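Chains: A, B, C and D, in written order; residue numbering restarts at 1 for each.
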Amino acid sequence: MGLYDRKPPTPEEYLAYRTRFSNWGRWGDDDELGTLNFVTPDVRRAAAGLVTQGRTVSLSRPVDTHAGPQNPYPAQHMASLGTAGGLADYIGLFFHGFAQTHIDALSHIPTHDGRFYNGRPIGAATGQIALPEGMACGVEHWRGGIVTRGVLYDVPRLRGTRFVAEGAPVHGWELRDAAAAQRVEPRSGDVVCIRSGRDEWFSAHPGAKNWSVPAGVHASVCEFLHETEAAALCWDMLDAPEADQGLPNPLPIEIPVHVHCITIPYMGLPLIDNADFRELAATCAELGRYEFQLVTAPLVIEGGTGSPVNPIAVF
Amino acid sequence: MGLYDRKPPTPEEYLAYRTRFSNWGRWGDDDELGTLNFVTPDVRRAAAGLVTQGRTVSLSRPVDTHAGPQNPYPAQHMASLGTAGGLADYIGLFFHGFAQTHIDALSHIPTHDGRFYNGRPIGAATGQIALPEGMACGVEHWRGGIVTRGVLYDVPRLRGTRFVAEGAPVHGWELRDAAAAQRVEPRSGDVVCIRSGRDEWFSAHPGAKNWSVPAGVHASVCEFLHETEAAALCWDMLDAPEADQGLPNPLPIEIPVHVHCITIPYMGLPLIDNADFRELAATCAELGRYEFQLVTAPLVIEGGTGSPVNPIAVF
Amino acid sequence: MGLYDRKPPTPEEYLAYRTRFSNWGRWGDDDELGTLNFVTPDVRRAAAGLVTQGRTVSLSRPVDTHAGPQNPYPAQHMASLGTAGGLADYIGLFFHGFAQTHIDALSHIPTHDGRFYNGRPIGAATGQIALPEGMACGVEHWRGGIVTRGVLYDVPRLRGTRFVAEGAPVHGWELRDAAAAQRVEPRSGDVVCIRSGRDEWFSAHPGAKNWSVPAGVHASVCEFLHETEAAALCWDMLDAPEADQGLPNPLPIEIPVHVHCITIPYMGLPLIDNADFRELAATCAELGRYEFQLVTAPLVIEGGTGSPVNPIAVF
Amino acid sequence: MGLYDRKPPTPEEYLAYRTRFSNWGRWGDDDELGTLNFVTPDVRRAAAGLVTQGRTVSLSRPVDTHAGPQNPYPAQHMASLGTAGGLADYIGLFFHGFAQTHIDALSHIPTHDGRFYNGRPIGAATGQIALPEGMACGVEHWRGGIVTRGVLYDVPRLRGTRFVAEGAPVHGWELRDAAAAQRVEPRSGDVVCIRSGRDEWFSAHPGAKNWSVPAGVHASVCEFLHETEAAALCWDMLDAPEADQGLPNPLPIEIPVHVHCITIPYMGLPLIDNADFRELAATCAELGRYEFQLVTAPLVIEGGTGSPVNPIAVF
């Protein structure tokens, strides 16, 4: 098994993730929470117990209103003009993609054969998007927020590099290594925060033209997430490119989604994309602790395939 | 003093609130946090200690995409069409007003003589909106979130009614009464949650045509907020109408803003408008406790006069 | 035949409109123009010859930014805030419905069995909207504009009423009557402008709660449009309600679409909805002529199911 | 005089344009039409007489929904999701800038001392935009459309080049040369269409990074527009860069606006920016005629500083 022999999955093993790590039916046929079920009252209580410094850190990037290679669909911050109806401050955003910090709902990505997590039916589809039928798997099911322990896995720190580079994706077993190095025990209900050093990568590559992230996380982390019963994954660099995966992209699109396509539809595991871990990593290093209470509260968007969020770590 | 003799302010006393409750300069000339300064590490630690059940409750209404008397500028939930650039799920909203749960930044309302909290200059103004100069008082200054104790003041419960009705606004001394009845001591750094029974009012008045709330909170609560060193105010029904205030509206607009116009520009106190307290009130009643950890994380909107939020109470 | 015996179609006759008035294949298998093919160079030349006064009249309502019963999805007129990317003046609108003056492209409504005009395939569908495959039937195919003769059929004038009322829809044979009364001969390539007196109806019914128009045009006009080889239909009050049609609504929705569902997918005839005919009717009456050059230029929206327009009549 | 001695204006002469070419008061103190007053009934009649082929050509670029160096604020083409209120097809755009074909209203640019055309007061201003007071100078005043003669001045054809290049801006006297070469007499009420070969320039410079156009029209054309009593200017490449003007930019912004800042606030002359002249130039060359009826119909946006348009040339 990959996590123990430190081998990435073969294409066949990767395909088998769909059943091996599936949580369909685990929490009932009507379940909409997926791996958020791991966040039990006990887990929440224990997480609150981590608040010893009384200090907070945001994991959110600013809402980005400027177009660029990483932000082809900029957010809008506007106000009404003249006598037009409207109120101060309109904020509008395509929150998916690689610019805005956001959470993916379980309706964001269907299975390869066209259903959502837990077998929920897809209502309709356009070229861009599949819609759940009867609001299944919408982000509003998570209106109660994700309040649990967060653990930062600081991969560049473990590796002694500034960032995860092309050709060297983050593997599941490295998270075990990082946990050991950081003296933290993975626990059921954690939000796993994988730092790859996104901002450091872009600082080192001014003028980068890529839309998606240039490097990142290998599908082998799915095994780690499954085995440790992670509640959610929060990351700055997302899925590593196809070349780094050594696996065909599961969707016929240019953006690598090797992790997305297992975690969302099969595991029922929320992803918090495009986090900014700079202040978090500095705080963890300063305090010598890599666990904290983490609170993420999606906007209550009925039928939403996600939401912009500002996750807050409390130390 | 109104809070102790249970008398609402005269127009002169109300005007004097501007200086009497002002926090300008209290935390330095560059301060952008206002009363969030009351949320100290100690306060955060103590708040985390309230997490004993490990249970969460959202205080947010769903994002409302349907026009109506209370929602003249409906939010938009859209997706790109055809080959148009864009990604799954665009969410856009005028978050101010009476429909969406949102936080007001200190740049939302200037003083009567045209400055923002702490004397920050206004850069420009249109008919609808004043803009801060150099991004002063924008909501992005609160990116670290508001993580502190919340206390629910359940006024209808105290009064033995279903909702706060026209002609009987919530007064500051009632909050003291409610605190006593609920056996909770107001403390520095609290988010004061005033329940007036908004949803119950609208249920009892189908077909209501009013945009703003029909009843609500009297300016006399400002004294309570000041004296108890509240960090923020979270409410479901907002400022009571002019007739209930017995005070001229401080702005030449139809919407009553007697509380807004003291708390935001003079006290530097954030408002969390249009909360849904139904589940919170039920939970407090069930558990027999009216205090909890409260986490509110605004989106990081640079220069934003506020943000949609989903405040989470943790018991 | 209804047009001559002045009888509205039976349900069976109405169903037969689909084949009787179909233009599929008439102008080739790849045709995207539909009845705009009737606008030949000769027709355009003759229309230009109608410009004798050198006077122009707009048929457009103002873009409506205020929500109300007739405008549940108000347009937006906004500007960027602070340092947000963006330029002066953002205009955004759901142009379909009953508020904005707009043109319907042939991709706006499919046939009852799921194809667009001329047999073009539908690519995908959501609850709200069907999308053409490969940009078939998009409004961009009409980028050259509609430049032809317009003829106003002033039905209230003919009837001696202020507006077309409930229970008395406009029938095809009345257009013949109106033509005779106005001494104008219907010609191939005309834009048929049917005035029902929309603004007068709403003036007479303040506080009207209906979203769709309360009265209007009967399906029997389809025969007139077909026989006279109309290029397009421009109207202020749209399809009469189901009760006035005496025919089941062809779509399972509350909005009557008896004319839309024949003209768009089967005839391939563009509709210009929600015109304002007040100034046009006054001008025609003043000048004693009911024909004019009419220019309608849709925005070039690739894959658009229509466009806001400002049709201009030139006398 | 520059037009006759073929000399560009000195900085002093350019400043003097503000009074020399001013039309303030020319058509009354309340005038909102500016140079559209030159479009008299006679002018419209004569223009209609140019329709001899019965052929139409669009001068509009497609609405551009994709971000890029020339389109940092892409238009949006969207549809409602799930049960969200909304109708098929939302189109939203920042129409100003260098991507969308649009018309500038007289409220788009104020004078150097803060008034609009004809002395109209500015109501308020933000960093991005000045707003007229009481809806003065809004685009809705032009709801009747611009229906007149258009004349194409095909500068690259005159020069024997593919496009107007950097360092060689279009001068006023070249328009006289082009008129002579094309055997067309400039007349009062014309829409002057200056082709610089925008699409040809960008084809020759793949990967161009500039937002604004790289070359274009010199301020010296203002004299031509004034002397010939042009009603409007329609162009593909807009104001030439500062280096080509040899004049300081009249506004403290990076985008050259030497022509804009004279024509809009002082002359009261509408600009139709970002035209696509490829088909028009080909048609003119094919037919050997450079004049045609031109119809431009702005959307009726109250208080709008412009509108997207699809100008139609009719031959």
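One rule holds in what follows: a residue touches a chain if its C-beta (ideal position, glycine included) is under 8 Å from a C-beta of that chain, and two chains touch if they have at least 3 such contacts.
Quantities reported herein were computed from a predicted structural model and do not represent experimental measurements.
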Looking at B-C and A-C, which one has the bigger number of contacting C-beta pairs?
A-C
At what distance in angstrom does the C-alpha mean of chain B lie from that of chain A?
31
Which whole number of Å gives the spacing of the CA centres of chain A and chain C?
48
Among the residues of chain A, pick out those that touch two or more other chains and give their numbers.
65-67, 72-74, 76-77, 79-86, 89-90, 126-127, 129, 131, 302-303
Pick one for the touching-chains graph, please: line, ring, star, complete, other.
complete
Report the residues of chain D in contact with chain C in the complex, numbered from low to high.
40-45, 47-49, 51-58, 60-63, 72-73, 76-77, 79-83, 85-97, 101, 108, 126-129, 140, 143-145, 147, 293, 295-312, 314
List the residues on chain D that touch chain A in their complex, please.
66-68, 71-74, 81-84, 129, 131-132, 135, 138, 302-304
Using the touch definition up top, name the residues of chain B that touch chain D in the complex.
65-67, 74-86, 89-90, 123-127, 131
